[in-house]
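Chain nomenclature is as follows: A, B, C, D and E, assigned in order of appearance, with residue numbering initiated at 1 for each chain independently.
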Amino acid sequence: SAEKVDTLGEHSEDRLLIATTTSLDATKLLDLLEEKFKEDTGVNVEHVAVGTGMALEIARNCDADVVMVHDRVAEDKFIDEGFGVDRRVIGYNYFLLVGPENDPAKVSGLNGTAAFMAIEDAAESDPSVVFVSRGDASGTHSREKLLWKWGGYDYADINVSPWYREAGAGMGQTLTMTDELQGYTLSDSASWGTYESNLSLVPLVENDEKFLNVYAVMRVNDETCPDVNTDAAKKWINFMISDEVQDILSTYGVEKNGVPYFSPGRGSADVMGVTDEETKDPVV
Amino acid sequence: MNDLLTGVQTAFELILAADPEVITITLTTLRITFSSVLIGTLISIPLGAAITFREFRGKKTLISIIQTLYALPTVIVGLLCYMVLSRSGPLGDLKWLFTPNGMIFGQTILIIPIMAGLTIAALQAIDPIITDTIRSLGATRLQFLKSHLREARFAIMAAVIVGFSRAISEVGTAIMIGGNIKGHTRVLTTAISLQTSMGNFNLSLALGIILLAIALIINLIMGFVQNR
Amino acid sequence: MIDIQDIVKEFDGNIVLTGVTETIQRGEIFAIIGPSGQGKTTLLRILGLLLKPTSGRILFEEKSITHLSDSDPVRRRFGMVFQSPVAFKDSVYHNIALGLRYRGFSKEAIREKVLQKLDEIGLTGYENRKATTLSGGEKQRVSLARVMVTGPDVLILDEPTANLDPVSTEVIEDLIRHYNKNLGTTVILSTHDLMQGQRLADRVAVMMNGRFIQSGPIFDVFTRPCSEDVAKFIGISNVLSGKIIRKEEGMSVILVDGTEIHALAEDPVGTQVKIAIRPEEITLHTGPDRLSSARNILFGIVEAVRPFGIISLISVKSGDLVLSVQVTWQSIKELDLKPGVQVTLSFKAPSVHIMPDENSHAC
Amino acid sequence: MNDLLTGVQTAFELILAADPEVITITLTTLRITFSSVLIGTLISIPLGAAITFREFRGKKTLISIIQTLYALPTVIVGLLCYMVLSRSGPLGDLKWLFTPNGMIFGQTILIIPIMAGLTIAALQAIDPIITDTIRSLGATRLQFLKSHLREARFAIMAAVIVGFSRAISEVGTAIMIGGNIKGHTRVLTTAISLQTSMGNFNLSLALGIILLAIALIINLIMGFVQNR
Amino acid sequence: MIDIQDIVKEFDGNIVLTGVTETIQRGEIFAIIGPSGQGKTTLLRILGLLLKPTSGRILFEEKSITHLSDSDPVRRRFGMVFQSPVAFKDSVYHNIALGLRYRGFSKEAIREKVLQKLDEIGLTGYENRKATTLSGGEKQRVSLARVMVTGPDVLILDEPTANLDPVSTEVIEDLIRHYNKNLGTTVILSTHDLMQGQRLADRVAVMMNGRFIQSGPIFDVFTRPCSEDVAKFIGISNVLSGKIIRKEEGMSVILVDGTEIHALAEDPVGTQVKIAIRPEEITLHTGPDRLSSARNILFGIVEAVRPFGIISLISVKSGDLVLSVQVTWQSIKELDLKPGVQVTLSFKAPSVHIMPDENSHAC
C-alpha cells in the first residue's frame, strides 16, 4: 500500500477518514475493508485508531468523517449532541473475563454478573485476588462499570478498593499487567485474540449475554461539520452493512484465531438488542 | 530476553526481506524527521543566535523559558498542534491534520526549544575574544553568524543531533497529528507503539533496532563530517 | 584623525578609565605605556569599536564613531590585534584569510595575500597547520597577520610582541614600520616593552589611574617625565627631592640631601623640585680622579652590586645621597667593583631631569 | 483554541482546589523524576568524565554510539526494561514491574545516554590549558573531576536540565513499566495520555501546564544557583 | 636534581624536540631562550609532567618521572606557570586557593596564604573579582600566584612576565629570586626577554631546532655564542667571516673583508673563523682622531642612522666592512651623527668573539 503515501502530504480529494477504537484496528480488519472499498468506489479510506473518547472528540472537532466505536452510552450522547447521524450496527462479539489459571475467585462457569460478584467477594478475604481495570473510559471500561452496577455495587466504592487496579491504559497494556499481577480483567475478544499467545491468563467467562459487545458505525453530521466527506461516509456505512462485508465478518479471523473475531450484525438485531433497521437499512 | 534475540533476528529478516511495509514506514520516518530537523535548524539557529548576541530585558528569563520547554511532553505538543490544525482550529484550512506535513509541523515545534537552547549554549561557550576578533575584522551580520557557527561547529552539530534524536524517537506528536495511518503517516515510533500494544514485542524491537540503525548511520556521518 | 574626548569607562561601578583625552594624527605611530591594569586594553577596545564608553566620544575623521552599528563600513577601516593571541579552530590559512573572506576577495587574491603574509611573518609552510596547536609566538604572529592582511587604515595593537623573541619582534616591528611608512597606516599600540615604544613610536602616552598622565613625542616623555610615578615607571630610578638654591652660569644649583647638583632648570631660586637621573647617564670611574667635562662630579663608596646579566645596577653612597648607576659586566670585572670600593660618579647637567615637587601640578 | 483557555483555567482550578488525585500524581512524578535524575547524574557524570579523560581505542565510536542512543524511543526502553523486570525476566525477583521503583529504573536508563553525552561535550569544551593547570597543581583524581565539573558547571547543569526534562516529559517508559496505575504509578505524562485518549483535552492541557510549571520552577532554581 | 636525557618529542610526524639533554642542579635558576616555535614550551610541558616524550627520560632525584601516574605525589613537588595566563571562571581568591585546597590546607591557612600572595603580587583587594575579567597582566600575576602559593620544589615558568610592565616584572623577578634564595626552589624558566634571562638565571640554554644548541653559565653564553645563529639571536649583530693571518703580541690578527682585526683567538694561523662584535662594545668618536687604548681602531663613514628611541643603531662603512654601532640619542645630538659623517670606531680585542666557521662544529 505504498502508493498511498502522498508525496505532498496533502489529503487527496476523495479521502474518507475514520476515527476508530484500537480494538477494531488490532484485528487489521479495517485494512482489508479499506482496500476493498477503494476498489469498489475509488475512495481512499484512512483510519486513526485511538481511545473511544478521543475518537469521538476528533469527530466533534470535525476532523473525521466516520466514527466506529463500541460504547453505546457514549455513542448515544454523541448522537444526542447532534454530532453523529446514520448509526448502523455492523457486528458484535463478546467481552470475556480472563484471569489466572488457578482462578482463586472461582469465577469459571459463572455468568457475567455473578463472576464479578465472586471476584469482589473473594478479593475481600484473599489478597491474591486482584482486578485490573482499563480505567480509560473506553468501551471496555464502560462495560466493566456497567457490570459492577449490574452486580449491585456502587462503582465509586469498587474504584477505591485495594484489590482494584486502574491501569489507565490500552487493552494490550492492561492484559500484560493483569498477567504480571495474575489478576482478572475484562477484555474485548479481538484484543484477546491478538494477545493471548503472550500471556499465561485464560478466559474464564465467555459468550455471556452481559458481555455482549456491539460495534457501530456512524457518520459525522454535515450540518455541524460542513466540510466532512458526507458522500463517501454514507457509502462507507452502506458498505459496512452490505452483504459483502457481512460475509467477510462471518469468517474473518478464523485462520488466525480459530473463530471469527466478529459475528455479523445482519440478522442478529435481537441478540444485540437493536432495531432491525439499524443492521440493514442503507443510509441515503 | 528471548524477545530481544528474536527482535534482532526479526530486524534482520525485515531488512533483508525488504518488507515493503517496513520500507514505507522507514521512508516516511526519514522524510518527516529530516524535514522537521531541517526546518527546526533553520529556525533554531538564527533564533538561538539572536538571543545569544542581543542584549535585551528578560534575556535570562527567556532562556529559562526555552529550557523549560525542553520538558514539553510530546503529547502536549501533539495536542496543541492538533487544536491548531484541526478543521475547527485556526490553521484548519491547511488540511494538515493526519498528514505528514502536519507531523513535520508538530515535530518542528517540538524540537525548536531544545535545538535553540543548545545553540545558545554552544554560542555562549565561544570565547568572547573570538567574538571580538570577528567583529573587529568587519564581518557583516551574516558573516558574523557563519564564523561563530563554524567556531562552535561541534556543539552546533551536537544540537542538531539532539534535535534529530528527539524528532525520530518521539511518538506523542506523531500519533496525535499523524494518526498512525498505515501507508501514510505511520512512522517507526508509531508502528513500534502499535506493535507493542498488540503484544508483538519482537516486532517492536525489530523496528526499534531499525530506528537505532538509522540514528547510528546519521551519527557516524555527522561524526565523519565533524572530523574533516 | 582620531579624537579621543574625555572617555570614561566603568565596569560594574568600578571606574577604569577616568577621562582620557588625546588626538591621534593620521599616519603616526602612537604608543600607550603604563603599569598593568591601568586601562590600556580597555581604551584600545573602545578605539577598536568593540566597547562603548560610559561617557565621552571618539571622533574619526571628524565623525563620531562612539556608537557605531555592527555593520557600519567604517569598522573595516580599523583592525585590532588583541593582547592574547586568538586562534580559530581551523587551519592557519583559514585564520589569516578570514578578514579577506569578509571583504569578498576572490579565492586567488586571498591565496596570494595569505601566502605572502605567511612569508612576512616567517611562517611559510604553516598554512595547513591547525592554528590551535601553534606555539605562543606562532599564534601571536598569525593573529597579527590576520589583521594586517586586511590593510586597515588604523591598526590597533595590544602588546603585539609580548610572546615573541627579539628576532621575531624585530621582524614584526619592521612590518609595522613598513605599513606605517608605505601605506600611511595609523598605528596605535600598547606595549610593556619601553624600548619597543621608543623604537617604534612617534608619540607616547603614559596611562596611569585611568587617564593619560603624560603624552607627547617619545623624546619628551622619556627625558622629561612629569611626575615621580612616570619617572619610576620609565626606569629613571634616581628620583630625589631638592631645592634650587642659586643660579650659576645659566644653570640652577640644587641642594639635594646636602649635595649640590647642577641642572638646567628654569624655575626660580627657592623652588622645591624633584630631580631624576637615569642610572645609565651616570658614568662611574675608579682610581685617581679623572678629568671630565661633566658638571656634576661626586665621590662615593659602592654599597651594593646587583648583577643583572650584561648590565648591573650599582648603588653608590655619596654623602647622604644614594644613587643607582648602570654599568656593564666588563666594567665590573675591569674595575673590580664590589661593596666598599671608592668610586667617582659624573653626570652632565642636562642629565638631571627636573620635575615639579607635587605630582598633581604638572601631570 | 477554546480548549487551550479552558485548559489553563482548569489547571488553575485543579491547583487551587488542591485536587487530591492531581496532588498524588504530581508527587509521584516528582519522586520518580528526581530519583532518576539523581541516579542518572551519579552514573552519567563519572561515566562521561571517564570517557572524556581516558584515551582508549574506539573512543570516538563509543561517543557516536552514546549519541545514537539519544534516539532510543522511550517505548523501546520501556519494552527492554519490561523484559528485564518481568516475572520471567532476569530481574523479575525484584518485583519492580508496575512500581515506581521500576519506573525510576527505566527512566534512569533512558536519560543516561543524553546526560553522559552532554557531560562529555561539556568537559571536552574546557580549554586544555585548564586541564593542564589542574593536573600540574597536583589534583587527585577526585579533585581533578571536581575542578573540571566546577569549570564546566553551566554546561553540566544544562545536561542535568536536559536529563530532567527528558525524564519528566517521557511517557513510553513510564507506561510500559509503571502501567499508569491510579494512585500508584500514575504520573503527569501518563495521566495526560490517558486524558487525551479519553478525549478530555482540556484536562490534558491542565496537567501539561502543571508539568511545565514544575519544570519552570526547577529551571529558575537552577538558573539562580548557576548565577551565584 | 633533574636529568633530561635525550628527550625527543613528535607531534603527528612533526619532530619538535630532536634530543634534549641537560642536567639541572637543585636550587639553580635555569633559563631557556630561543626563537619562537623551537620547542621551549614543549620541553617545559614535558618537565612539568604534562606531556610524555616520544623517547628519552627525565630523572628527578635519580628516579625516572617520565611516565608518572596522574596521582603520583611527586607531581605536587612541581609547579608550572603557562605561557598564556589561565583563569578559572571563579573569583581571584578561588583561583589562587585551588592548589592549597588540593593539598587539604585548612580554610584559615588558605585564607592567610592567599591574602599574603595577593599582597606580594600587588593585587590586594582583588580577591572577590571574577578572574576572567582581569587585565592581561593581572591574570598573569594571578597565574603565578596560584602556583607559587603551593611552594613547589621545582618551579617551571613559561614566559612568566610576557604580559607585564617593567615595574610588575621587577616585582615578579624579585619574588622568583626570593623563592630561589630563601626556599631553595629550583626554577626553570623560558623567556623571550634576554635581559630577564641575564638578570635572573644562573645558567641559560639556547633552544634551536628542537635541542639545546648551547648551554652554560649566562656569562659564557652571552659572551661566547657557539654559532652565528646563537650570536644573532642574543643580539650580537656584527657577525663577520675572516681568516687568522698571523699572531701578534699574543693576539690573533684576523683578515675580514680586507681589514685587519685583533682578537684573542687560540686557533692556529690559517683558520677560517667567524667573529662577532656587539654593537654596544664599539665606541664611536668624531672629529680629530682620539687616543684610545683599544686595539682596533677603524675609520669610516656613517651610512644610516636607525633611531630606536634612547638607543640608536648606526651603520658605519669602513672599507668593505659594515658594522652596527650602538649609541645613545645624546651622542647622536652632540656628535650630530647623520649619513656621510666621518667617524672613528674603536673596540678592544676581547670584544671580538670568535666562533668556528661552521655552525655544526661547536654547537
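The rule we apply is simple: a residue touches a chain if its C-beta (ideal position, glycine included) is under 8 Å from a C-beta of that chain, and two chains touch if they have at least 3 such contacts.
The structure presented is a predicted model; accordingly, all values stated were derived computationally and were not measured.
Take away subunit E in thought and the touching chains that remain still make one piece. Under the contact definition stated at the top, no chain borders both subunit D and subunit E.
Among the remaining chains, the Cα-based centre furthest from that of subunit E is the centre of A. Among the inter-chain contacts, the highest number of C-beta pairs connects B-D. The mean-CA centres of subunit C and subunit E are about 21 angstrom from one another, to the nearest whole unit. Averaging Cα coordinates per chain places subunit A and subunit E 90 Å apart. Once the centre of each chain is set as its mean CA position, subunit A and subunit D turn out to be 36 Å apart.
Between the CA-based centres of subunit B and subunit E the separation comes to 57 Å, rounded to the whole angstrom.
Residues of subunit E in contact with two or more other chains: 84. Along subunit B, residues 89, 196, 201 each make contact with two or more other chains. Of all residues in subunit A, those touching 2 or more other chains are 50, 170, 173, 176, listed in ascending order. Chain pairs that touch one another, listed by label: A-B, A-D, B-C, B-D, C-E, D-E.
Residue ranges of subunit C in contact with subunit E, taken from their complex: 11, 33-37, 40-42, 83-85, 133-138, 141, 158-159, 162-169, 192, 194-195, 197-199, 218-219, 222, 232-233, 235, 280-281, 308-311, 328-330, 350. Chain contact summary for the complex, subunit A toward subunit D: residues 50-58, 135-138, 165-170, 173, 176-177, 180-181. Subunit B contributes residues 20-21, 23-24, 27-28, 86-89, 95-102, 104, 175, 179-184, 194, 196-199, 201 to its touches with subunit A in the complex. Across the complex, subunit C meets subunit B through its residues 45, 48-50, 70-71, 73, 75-76, 78-80, 82, 84, 86, 88-90, 98-99, 101-103, 146-147, 150. Partner subunit E is touched in their complex by these residues of subunit D: 129-130, 132-141, 143-144, 147, 150-151, 153.
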